[in-house]
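Following are the structures in question.
Shared chain: subunit A. Partners: subunit B in the first complex, subunit C in the second.
Presenting the complex of A and B:
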């Protein structure tokens, strides 16, 4: 009970915090310097867009078990529907967004029915094919869609917006910021309600075992198609609103790389939790943007050294504990050893970053005749970083990084497999069997 | 669990199923009236599982009809047949592994009762948990249960579905004798609550003791239908089983009192 209250309180604080961010800039233009500016708001708006995609994908995949690569294509369907309608029919942004959402839902219905009999790998292949075909058609039909040059889309409020005596220009970030945040919260609330109802229960049963679910009276076809329709509509809505915010859409918004990043967001947050994957979406996108800037080679070296040293130190201490103190690391001692190893590794990494960089740079000079560059262009390396993080998460933390923490603090009792409990259950089973 | 007994009537007429050129089931007809306890036996490949899959809707028959309580169910989807009152387990245990025991039980209950509140159904689930002596496991993931417990969980899910006819596919295969006794007890208790059972088993001793009536399949044909005594003396059955491996030999008339056999 107490924990539920705390969870709600934390959620409300997070929402209030997000709602106040834009005003920090307006009220204190210089505080904190450079942290909150137009660019920050832009990053967060697009971050909310990705949060909507990641959370709806986790409803599709984490709950329904439907591994789809077509999620960004559905967002693209929403975006191009409103974009093309605005261009050729002159419709209002709101009409376009509604039409885009419905169109994405319609495509979701068709795709959902087509993939009914496809399992895991085949479903993934099918949806990749669909996503690529859609992207290529948009690229190829240059005369109609402007192709890779990008289709211009009207801003959300072409004439600006007047609220309570304030005038917001059409390029102002404040209105789209709150619209995107509101849509994220509404879609999260709606999807969470669905996930907590029988719909979510049946989806998980279908994910676990379709035949068994059907044999127990679950209308598998209906719920599989329904989850495609609902998640496609959320994606289509997000895509359509984003189109009106960025005002130019290209087929490149839908490349597989970005789809993989949506998957990364969902997996890192926690694929079985809508809220965790939404947070994962915001955090990953913000990191992606802030890692874009060039980094000093020495700072990157410090990080690399820390990452190499921390596990080394931990395993050394574990070996030492076993070898000389004759006791394996566990419980609090283990936690302490991990934290200590990380801190020591960080300190050493920072301390020796310059000599190590210089040394390596000279060795590099001897081989190639040129020194290391002063800075490292992160635009590609950041993707490598997230790729590695994704692989490590999938290998070691299949429940994601954030969701287990949320479970640990807010859902005691349920969904928890403690060693003690398993042992107790096994003991009871044994006495039952042996008595 | 149900206050006034519903009429139970399963009628299978001339059921035939071909897989390409292979005739898996040929012209099988039988009826089940009321809460019968029927054993379904036959050598490997005789068509027992095919018959189960036809009854439960996973397969559609090539020809023939199935009526459940007067309603034609062949060609219906599995979920419709489940809601119409026919539940089944699978040869391999198929619990929803990444869901808790309670959630496992709620799936069929919610599928059956679209309007009932979750609280009401959870109360019902607690009764089933009590019946299985599973209360302490309610919030464990099904995957953390032992194999035998998962088997019981499957039986519990069937109780939540509350069908008229329950088909158990190999309930005694590979289980500890103690657990076998528990499953045996489950079958007799639930049978006494006005539910018909069709039990597929290779465990001849148990099935001959447990069931009041036996159906024998061989090469897709129903070669015998009668009480265990009749079946045991049936020349066609004796021939079918003597033609097979020795371990499936019919139990002698004397040791039928034994409930636990070694499979």
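Presenting the complex of A and C:
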């Protein structure tokens, strides 16, 4: 199938592209700033970290249906294990990372066994409590963990790294970049293999109906605990490696905000697909960093006006079509109306952004006595944006934004198959009900 | 990486702390031994007892809870009796071991820090307890909102604390003379209730109703994720619009210091608790004597039967979510005179009200109230009786969380919950 070939080609190109980005930066150290530089690499490295968290969370939640808000806490367990071992025992980074992964797995085992009896809501409450306890204890035990001041961790290669006659400094971004990328790809491959195997099938069976799965011979206890252990080990591994990359860890890496963002990444990508959530993780984190910069109030105003105007115009045109032309909008006319509304809203928004901002700033001055800011600090607004996007995605695109697109390309015909199966099942149910 | 530091109720506690003469000598060893004894025997009792009961084909549903308490309270002595005789478990088996377990914990505490005011001064303990009760009433009111939502809609709203935060801000900007409109506190309370009610109703109507209409796959997860997203959205909207500076208003009414016997109560807390009790009375009147309240209770008992007698369960869902949000908002408005108000105060309140409703039993109104008071007492004793102030403030929430985890594991139905 042509579509499948395109999809695979695109996937391979994306991976090769990610693998080649750093060389551009290395070959042209004076590349135009803002395109490929240390900061870009840093954003991508942390993006890979979040991609690992998001994809393992979607294995736990999307496949297993096990609700956990403690994923960041597991990453924190990995990070603090290696950090504390390096500090008090003087272990090597590699030993620490392995120990951190195992420790996260151990905690996952204990928690997985404790929460076996709990169902969705209770599980969510319990994991949120565990995550908070862990974070609070880490910040309270200042003498041992440095608390909110942050625990210093050794870099991945304290003495630098020599490969093929080229020396990388310990603060160089290239080695951690490739390590993170490789870990992401390996963990994705492993988890995808697991999800495609009988393990994944059993998990989905448990998610849909635990009693039915048990009745059909699935060892519910074993698989529920196992999925907890595996996903928390992936989280612990990601956390431990990230700790060695950023070289300082604080309890603030585990606040609920980051958990919300991991959920956002996973949901936006597609909660039932590991690869989609990983891509969602990278994209959302890059967007987060991009939106961090301050924006001119006038340009933000243009965007806000567009967002408000576009649906208004569309609904107006729909009303007009029904009222005066006596025909509801549908098909091509509807698409045209949507595009036209968006374009007209954008033009109006750009045209009136200055006078609206001026008017608002006068009103603001009258009310508060202080000046309206010329630029808007986006550090909180970007999170508001993602909150809105998360809720809308959950409501209108439950399979995520990316996953349906991926399914369209990778599994052509699956939609038709599903519809056909559903209709057949409905027909059978109808005949049974009739007889 | 946090946008702003956690602000805990530091100002409230510091005046007590200055009064406590802290000795430098600690004897953590014996205290930790006693604690370890309690925890280990409790764990053994909790794990082994149900197995023995199951092996002898007896009812093991209560064995985990009773075994744990027996082990924690009397150690191997009672456990051996339980294991050999395997009596039918009723509440009488709980009385003595729970008392001795509490005694052991107190003993551990007393040996940990012999000069602590909590051990030496009864007045101090009573004043901490009364403070805890006062604030616990408000915790109870917040949790009643959550439990109302749970009993009608069958979901836990993870955005509950954020409604509490919004209520506080609404009251602040209505009441404050310098930053806000400078209106009377009662108008502030009403504004807080109104705003949170409207937001709750709009949210339920637009985003949660489709779930009840069957338009959403996997509704349980949808509800959790959606309310979580709402919490995220509300908290950071507040941060973006209102800023991270702590806000506080003066006490609503000028009462002066209230002294009962040897204890002095801070007036702001007394006012807040009074408002909480007033809200509670109005709520009970509403639930018991109005048509809407009776309809709400009917839906919580049986959706189908309620629908048969002409109550629209969908509208009751919306009303319940709005009311729950309003209760949280009103408590926020009552507490804005007690605590320094920051946008992330809601996260703490959320987790605390989860603790309360799980302790009291999901869906039980008296349970939520009593759970709130218990948590209030535990938190204020926990922070007042801990020798190291900064650590105590951090552990203040941990105590509640530990209770929460233990209750979830041993008796998920809580104190007054319906059997699952």
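By our rule, the second predicted complex is superposed on the first by the 405 of 435 C-alpha atoms of A that agree within 3 Å, B and C clash if a C-alpha of one lies under 4 Å from a C-alpha of the other, contacts with A are read in each partner's own complex, and residues count from 1 in each chain.
The rule we apply is simple: contacts are C-beta pairs under 8 Å (C-beta built on N, C-alpha and C of every residue); 3 or more make two chains touch, one makes a residue touch a chain.
Keep in mind the model is a prediction, meaning the values are calculated, not measured.
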First (subunit B), second (subunit C), both or neither touched by A:117: second
Touching partner for A:198 - first (subunit B), second (subunit C), both, neither: first
Which superposed partner A:217 touches (first subunit B, second subunit C, both, neither): first
Partner, of subunit C and subunit B, that touches more residues belonging to subunit A: C
Partner chain(s) touched by A:209 [first = subunit B, second = subunit C, both, neither]: first
First (subunit B), second (subunit C), both or neither touched by A:322: neither
First (subunit B), second (subunit C), both or neither touched by A:330: neither
Sites on subunit A touched by subunit C in the complex: 61, 65, 67, 114, 117-118, 120-122, 124-126, 128-130, 132-133, 136-137, 139-142, 148, 250, 252-253, 255-257, 260, 263-264, 267, 379-381, 383-384, 386-388, 390-391, 394-395, 398
Complex interface listing, subunit B residues touching subunit A: 56-58, 77-79, 82-83, 87-88, 90, 94-100, 103, 106-108, 110-112, 133, 136-137, 139-141, 144-146, 148-149, 157, 161, 176, 178-179, 182
Residue ranges of subunit A in contact with subunit B within the complex: 198, 201-202, 204-205, 207-209, 211-221, 413-417, 421-422, 424-426, 428-429, 432-435
Footprint of subunit A on subunit C - complex, ascending: 1-3, 5, 155-156, 158, 207, 210, 216-218, 220-222, 224-226, 228-234, 236-237, 239-240, 347, 351, 354-355, 358, 390-391, 394-395, 397-398, 401-402, 404-405, 408-409, 412
